[in-house]
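Next up, some structures in structure tokens.
Note that subunit A is present in both complexes that follow, paired respectively with subunit B and with subunit C.
Up next is the complex of A and B:
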């Protein structure tokens, strides 16, 4: 399966009469976009705001971040099974508005989380401060239940990303990158002397506000399975995960999964990246056993020498992470796990809720309990009042001058468990 | 086999007690885990993970979990290990920062999420 990603570099976003990309600037017809999102009768009111890198802007509570993409050649469309019809994606060419994003905000539930500061110390902890953001501020109908509200916001973000992505369809990309994975036997034949590596991605799948969708299927109803990494670049996996801002994988993270990119980068040089397995993180302990058994069986079947396992979330998934690690190690396959930590404010406490001596190669995305003070911003996009009820915040978090004292867990993407951030720890 | 839902979530008691034997306790999050641990020592096993949900133990006041009797009378060590690790983690979070006093609207949201996390399991085991 071979996919070309044509990156159209976006360095500014502006409102304009027509939605288009011109000389690196994304122009957005606000009226048209508002009209599109307002078609959903569950949404009472929607506003669109822009936030650029370096501006004194705080966006909160952030639900999802989505990169605009459009399919230019090849079967299917972006977000198959959700926006586009079900069709296998991951081949041909896809254009990407690189440097732009859709950000959704909204009060799905009373307690909140997800801060993106576009400047200041907080901006250093979130990759989304570096993007030209088109922010949807959605107000749902008064009687909308949490399930429907989350879905309405999720769909609004995806629709907006498709709408903006279309603007890149006929634009010549600034750069084209190629990603190809061969059928297993051919890949092994091509690089017989390189260690064979697979990637096991764990998907959040516990319930309301904790879901992930694969080709539109709720991941908690799936068994572990194989997927081509290029399918994910076309939006085969989307986020319905609104909890734990620092270490949830937004749709943007899935589209740009850095583990996939890094494995491709080393493919044919240091390693032979032969495939990818997705598995879930259910609440039912029997499901955990079943899914991790399956991940281990598939790893063995692929005949790999090593796997990278990434986690999403905290607590319950720690058990899945260790089960996956231990069962795969017991097949004689080396593992590296990618996680983050809740190690207390001083970083001295036990980091995970589960552990095993076989989990001896660990990459961490940082300590989510670390405390940070975010200075006031000139402008707030979204809703300010939930800050006192934000995860990682506490009574008195929001000071009179507008500054906030919070744990890193409140910042979107701060300790991302795909490594899409700057925090880590090194042991020597 | 006997299946029991242990909860401090009033909404779980209201909505789920017709589906499964529900033991409601008006106690805090930690105490729910301790009650479940005591059952495990009496021969029950855990069916759901005690730390279900990414909402943290010092964030949500509510916890529901499902346990079941086993044919063997020995203690299920896997369940015991998970519940003890979960108790350690809960203590770590609460020592770090206490659970806030939430308003009624937020409490209802936490109750709804707590139910959602175990409802899909319940439909499959009973």
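Up next is the complex of A and C:
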């Protein structure tokens, strides 16, 4: 499977009469976009705002972040089974508005959505402060239940990303990158002397604001399975979760999964990146056992020498992480796990809810309990009141002057477990 | 700036008083530099000086722990030092325990920075390395010069309240405190590089060494349920509607205690969850799903259990530090025992 990603570099976003990309600027026809999102009868009111890197803007509560992409050649469309029809994606050519994103906000669904600051200390922790963001502020109908509310916002973000992505269809990309993975046996034949590596991605699948979808299927209804890494680049996996937003994968994270990119980077040099396994993180013990059994079984079947395992979330999924790690190690396959920590505000408590000596190679995205003070911003997109009750906030988090004292937990993507960031922790 | 004032603690052996036969030597204080203090003063140069040395026999300290501790603390207080140094104790077990005990007490009770040093297998190292800074030394006094070379600059930093670099860089035993920083490379690249090293059999450094877990053995089963008073305690965040005490949705700083004297059923109008780490829809519809008051009332009526305790205790387990959980549990357990509760149903989510 071979996919070309054509990156169209976006360094500014503006409103305009026509939605288009011109000389690195993304112009957005606000009325047209509002009209498109308003078609959903579950949404009462939509507004669109822009937020650029360095601006004194705070966006909260953030639900999802999505990169605009468009399929230029090859079968299927972006977000198959959700927006596009079900068809196998991951081949041909896809254009990417690199440097732009859709961010969804609006009334809080649960306790769980995050904060994105475009400047100041908080901006250092979220990758989305570096993007030119088109922010959808969506208000749901009054009587909408939480599940429907979450879904309406999820779909709105994806639709907006597709709408913007279309603007890049006929634009010549600034750079083209190629990603190819061969059928297993051919790959082994091509690089007989390199160690065979797979990537095991764990998908959050615990219910409201904790769900992930694969080709439109709710991941908690799936068995661990194989997927081509290039399929992910075309939106085969989307996010339905932002609970404790620091370590949840937005759709943007999935589209740009850095483990996939860094494995490709070493492919054919130090390693032979032969494939990818996705597995879920359900709440029932039987599901955890079954899913980790399958992840280990598939790793063994692929005949790999090593795997990188990435977690999503913390606490309860720490058990899934350790099960995957231990079961795969016991097959004689070397593992590295990517996680984050909840070591308390003082960093003195144990970081994970489960552990095993076989997990001897760990990469951490940092301690999510660490406290940060976010200074007031000139402009708020969304609402700041929920910060007193979102995960990572506490009674009194929001000060009178608009500054916020929260744990990193509340910052979207701060301790991401795909290794998206440079943030990490060490023992003192 | 005036010189940093140091009080130094050593045992009878390093004071030149004698070996095991003098180990019952009672605490004494001398306004001078004694034994290894010479080496410290040399390293301190003009930055710091030892203003007093406390000498105590190892047996005396360990056999009269509370008394010895109090006596030594009184001595230290008088000199109001900027830092208190004990040892180094190398592999001398009782000396190591004394150094750990006294530095821990000075740090906690007098709020004075402290430093000690010992060999990794000294029992004092395991006992106190999480509480105080302990420099790793060789196993015998032959390593004195080397140990002091590491300890002296570290003591100056501690006395000045400067932040320390990592244990590897500074030479102290890791205290298990996790601190964030920005690495050179993003996590995904670090993971791929680590895997390549692991596959090649090269040395790699895990970013998080697996901790030793505190495993709790369950208590034996309650034999006489029909006469037992049962309490409900949950980390599932069930609270009276509107969460009157504002228990956090994650990383809880408190727990709630609520009266259920006349409550037979939790409904969507009276209770909800404050927990931000699981799908709350079903718990909000019927909080008995997490805190089974309804079923326990039935069992009470049927006589299967003696009585449901009048109060339930609740917090959110989501992202809550183990240290906080332990503190909550200690308080809750104390009250439960005082209230004559025989058993607890502890529900999690």
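Definition applied: the second predicted complex is superposed on the first by the 420 of 428 C-alpha atoms of A that agree within 3 Å, B and C clash if a C-alpha of one lies under 4 Å from a C-alpha of the other, contacts with A are read in each partner's own complex, and residues count from 1 in each chain.
The rule we apply is simple: a contact is a pair of C-beta atoms (placed from the backbone, for glycine too) under 8 Å apart; a residue touches a chain by one contact, two chains touch by 3 or more.
What you are looking at is a predicted structure, and each value in this text was computed from that prediction instead of being measured.
K.L.:
Put subunit B and subunit C onto subunit A via the superposition and say whether they clash or fit.
P.N.:
Here subunit B and subunit C cannot both sit on subunit A without a clash.
K.L.:
Between subunit B (first) and subunit C (second), which, if any, makes contact with A:427: first, second, both or neither?
P.N.:
In the superposition, A:427 contacts subunit C only.
K.L.:
Look at A:311 in the shared chain and tell me whether it touches subunit B only, subunit C only, both, or neither; answer first, second, both or neither.
P.N.:
Neither: A:311 stays clear of subunit B and subunit C.
K.L.:
One more residue to check, A:239. First (subunit B), second (subunit C), both or neither?
P.N.:
It touches nothing on subunit B or subunit C.
K.L.:
For A:132, select first, second, both or neither according to whether it touches subunit B, subunit C, the two together, or no partner.
P.N.:
neither
K.L.:
Regarding the shared-chain residue A:181, is it in contact with subunit B (first), subunit C (second), both, or neither?
P.N.:
In the superposition, A:181 touches no partner, neither subunit B nor subunit C.
K.L.:
Which partner does A:249 reach: the first (subunit B), the second (subunit C), both, or neither?
P.N.:
Neither: A:249 stays clear of subunit B and subunit C.
K.L.:
Counting residues of subunit A in contact, which comes out ahead: subunit B or subunit C?
P.N.:
C
K.L.:
Quick one: is A:109 in contact with subunit B, with subunit C, with both, or with neither? Answer first, second, both or neither.
P.N.:
In the superposition, A:109 touches subunit B alone.
K.L.:
Of the two partner chains, subunit B (first) and subunit C (second), which one does A:201 touch, if any: first, second, both, or neither?
P.N.:
Neither partner.
K.L.:
Looking at the overlay, what does A:286 touch: subunit B (first), subunit C (second), both, or neither?
P.N.:
first
K.L.:
Looking at subunit A, which of its residues have contacts with both subunit B and subunit C?
P.N.:
Looking at subunit A, the two contact sets intersect at 110-111, 146-147, 206-210, 243-244, 283, 314-316, 342, 344-345, 349-350, 369, 389, 391, 394-395, 407, 409.
K.L.:
Taking the touch rule as given, give the residues of subunit A at its contact with subunit B in the complex, in rising order.
P.N.:
Interface residues on the subunit A side: 109-111, 146-147, 204, 206-210, 220, 241, 243-244, 248, 282-286, 288, 313-316, 318-319, 342, 344-345, 349-350, 353-354, 369, 389, 391, 394-395, 407, 409.
K.L.:
In their complex, what parts of subunit A are in touch with subunit C?
P.N.:
Contacts found on subunit A: 110-112, 124, 145-147, 195, 197, 206-210, 243-244, 258-259, 261-263, 265-266, 270-271, 283, 305-308, 310, 314-316, 334-336, 338-339, 341-352, 355-357, 359-370, 388-395, 407-409, 416-428.
K.L.:
Per the contact definition, I'd like the list of subunit C residues that touch subunit A in the complex.
P.N.:
Contact set of subunit C toward subunit A: 130, 164, 166-167, 174-192, 194-196, 198-199, 204, 206-211, 213-214, 246, 248-251, 253, 274-281, 317-324.
K.L.:
Name, in rising order, each residue of subunit B that touches subunit A in their complex.
P.N.:
So the residues of subunit B touching subunit A come out as 46-49, 51-57, 59, 82, 85-86, 88-89, 92-93, 95-97, 100-103, 105-106, 108-110, 112-113, 116-121, 124-125.
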